[in-house]
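Per-chain numbering from 1; labels A, B and C assigned in written order.
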């Protein structure tokens, strides 16, 4: 169907991803953040878009990744790269473990109860991290210094985040094409029916949650190191920024589509950078306003808008033929 | 934590102090929760911006006191200002999301909450604010239990507002229109009720309630631009426990939450009090859902 | 007749003060087609809900193939091979008709890892042939939510067949279906029963259809079983006639 077009787009993105840091060396850090945003939006959409479970607390796993990696780097006595590798590995494990543990209880909630329950989880995590001395409490944690220059450092994290975003995309694309994808779509469209047909709904829901958790935990480990400083409320469990942005980017691009979150992340990141440059001080106010605007006026997202337009064309073509 | 528990066991009167102060703030929680239940029940919107409206009410009272207005007058002033704002918010945003699914309304009101939060931070600054109301402190049991009189005043006023609202909803024409719309908007429309105006009035009324609650918060406690969400979550939790349209339930769960939270804050340490509030909310949801799932049902 | 595949004994269900089912008992023999009739609000759909675990029952017991399933939850009962369709259609609206069918394959021995494979060729063939049999093959790539009510009903029926249940509870299968298609649907039901060995329990208001189709009928009124028997006996039963004419 759209297989060939998908591959062309992916190849094009791969080229852009490889060439961009060399064409615009000054913007490597911003590009790295862009891929982080892509991971955010893609991993949120597994639950929110494809399964209809709108989580406002996925930031939880990002924060777990930030702290786990930083703690491994601090306490395990490895050198920088071994520490980062071990930290990321453990982050993925703990992220998935946490998702398994919480998932059983919280995925029984439906609709808005799930949304607000997860919102509560994310904020509770921020507050706990803010009071827990082992991980620096309110003062946060500083990650180890990268052995090398600033440019090498940026390029290093750019490469890793690009690889993470790419593998996340390819993994999800494969996932959505197998029975799993159909099952979570079925849960989104009519969970009562899915249960009545005997689907293992809870199993699917927990698995989807774990997939999101895994990628977010890795993203957290990388982002924490790239930013260099982990604040409990503003970096690790930043519910009011990253936490909402992931929802917003997926909505902006088009919930429940493969390319929508990627597109949404790219546009959102661009807008956000512009706000930061031109609205100094007021950028967060403007972002709040932007959320309201998008949600109220373009809830179907760019992909949804494109589809509607194409459907409109098809109808008109059909009428013309008739 | 153990030491705190031992302290509490050794001096039960300390617990009394905590519980009493908790009950007093609980009344203010209940006020915000009542507004949330009203909007939820009538318009089917979970108003995430609730807490920011409370805090904004507090800032308006704080600014008014700064301009020389007597503190007592600030309560109706904040309520009126927030009522106007609520009307405006309804006209610009809420009316466009009222028929949409709950995800849209949650996300939109969450966006409004971020917007207001950042706006308050920008306008009023990130400092913790409070207002000196000029009331004294009440000492009981030889100074072991102390209660600021302003908290008693806030408690009384919160209950009084609740009673007034209840009377309004059951007696006044607009109140009856609100209740009719809550039960069946289409039937209400057929019977000649202007539902759009009713919704606007409901939302404005809710905002006014939040404004009043906020002015009481700033007099008896403190405010800060980023603590709104805590009030939202408290209100949400109270509504979940009490159910929609259950005034007595809202009051009692509000008071209970206040007392519980104060005790937990003392036992776990003040830095974990907010975490406790949010985890308690998650726990309440999960437990309610588990109970329902044993009856082959789930929270709707 | 053979041993009952489903036996319902003294099942009661109240909603608040309303008694929807009052000590209802019925038995469905393996391989049979059983009809369940009765005026609107007599508790037929509630009984379906009680059987498949959609809501808890207040008393009584439900046994499926000898196993006590009264306390089981919906997905588990469905995996045992007891599936229902709904009076108001329940389909996956945003998914294509074909995907609706493919996700409905039996979950009885579905292993966790099996959810990470793509649909097999034979599954797609089966899905397409079932879609063709209800006249929806041309619409297989269309989102199911865009079908008409009657078409959705047919799709839901095809999904139920895809699931290969042992016992299928059908809630008003012909309601909302184009009258010209009803005969075909009845033939489908018979074929499912005869060739696939699916036992059927059917709620139906269309008397001509149900009298033709069912081996044995139960008639409910006011939450109780009023009468049972074959088509002739039910047609002649004065209590059934009274119930339908409201003379009570």
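Basically, contacts are C-beta pairs under 8 Å (C-beta built on N, C-alpha and C of every residue); 3 or more make two chains touch, one makes a residue touch a chain.
Since this is a predicted model, take the numbers as computed values, not measurements.
K.L.:
Where the centre means the average of the CA atoms, what chain is farthest from chain B?
P.N.:
C
K.L.:
If I average the C-alpha coordinates per chain and also across every protein chain shown, which chain's average lies closest to the global one?
P.N.:
Of the chains present, the most centrally placed is A.
K.L.:
At what distance in angstrom does the C-alpha mean of chain B lie from that of chain A?
P.N.:
Between these chains, centre-to-centre, one finds 32 Å.
K.L.:
Determine the centre-to-centre distance between chain A and chain C, using the mean Cα coordinates as centres, and give it in whole Å.
P.N.:
42
K.L.:
Centroid from C-alpha atoms only, then distance chain B to chain C, rounded to Å. What do you get?
P.N.:
The computed centroid separation for chain B versus chain C comes out at 48 Å.
K.L.:
Mind pulling the residue numbers of chain C that touch at least two other chains?
P.N.:
54, 73-74
K.L.:
Would you mind listing the residues of chain B that make contact with two or more other chains?
P.N.:
none
K.L.:
Along chain A, where are the residues that touch chain B in the complex?
P.N.:
Touch list, chain A to chain B: 54, 56, 105-106, 108-113, 115-117, 119-121, 123-124, 127-128, 130-131, 137-138, 240, 244, 247-248, 251, 281-282, 284-285, 287-292, 295-297, 299.
K.L.:
Applying the document's contact rule, which stretches of chain B touch chain A when the two form their complex?
P.N.:
Where chain B meets chain A, its residues are 46, 93, 96-97, 100, 102-104, 106-108, 110-119, 121-122, 226, 229, 233, 236, 269, 271-272, 274-275, 278-279, 281-282, 285-286, 289-290, 293, 298-300.
K.L.:
Using the touch definition from the top, list the residues of chain C that touch chain A in their complex.
P.N.:
Per the touch definition, chain C meets chain A at residues 52, 54, 73-76, 78-79, 83-84, 86, 90-95, 99, 102-104, 106-108, 110, 112, 114-119, 145, 159, 163.
K.L.:
Name, in rising order, each residue of chain A that touches chain C in their complex.
P.N.:
175, 177-180, 182-183, 185-186, 188-190, 192-201, 203-204, 207, 256
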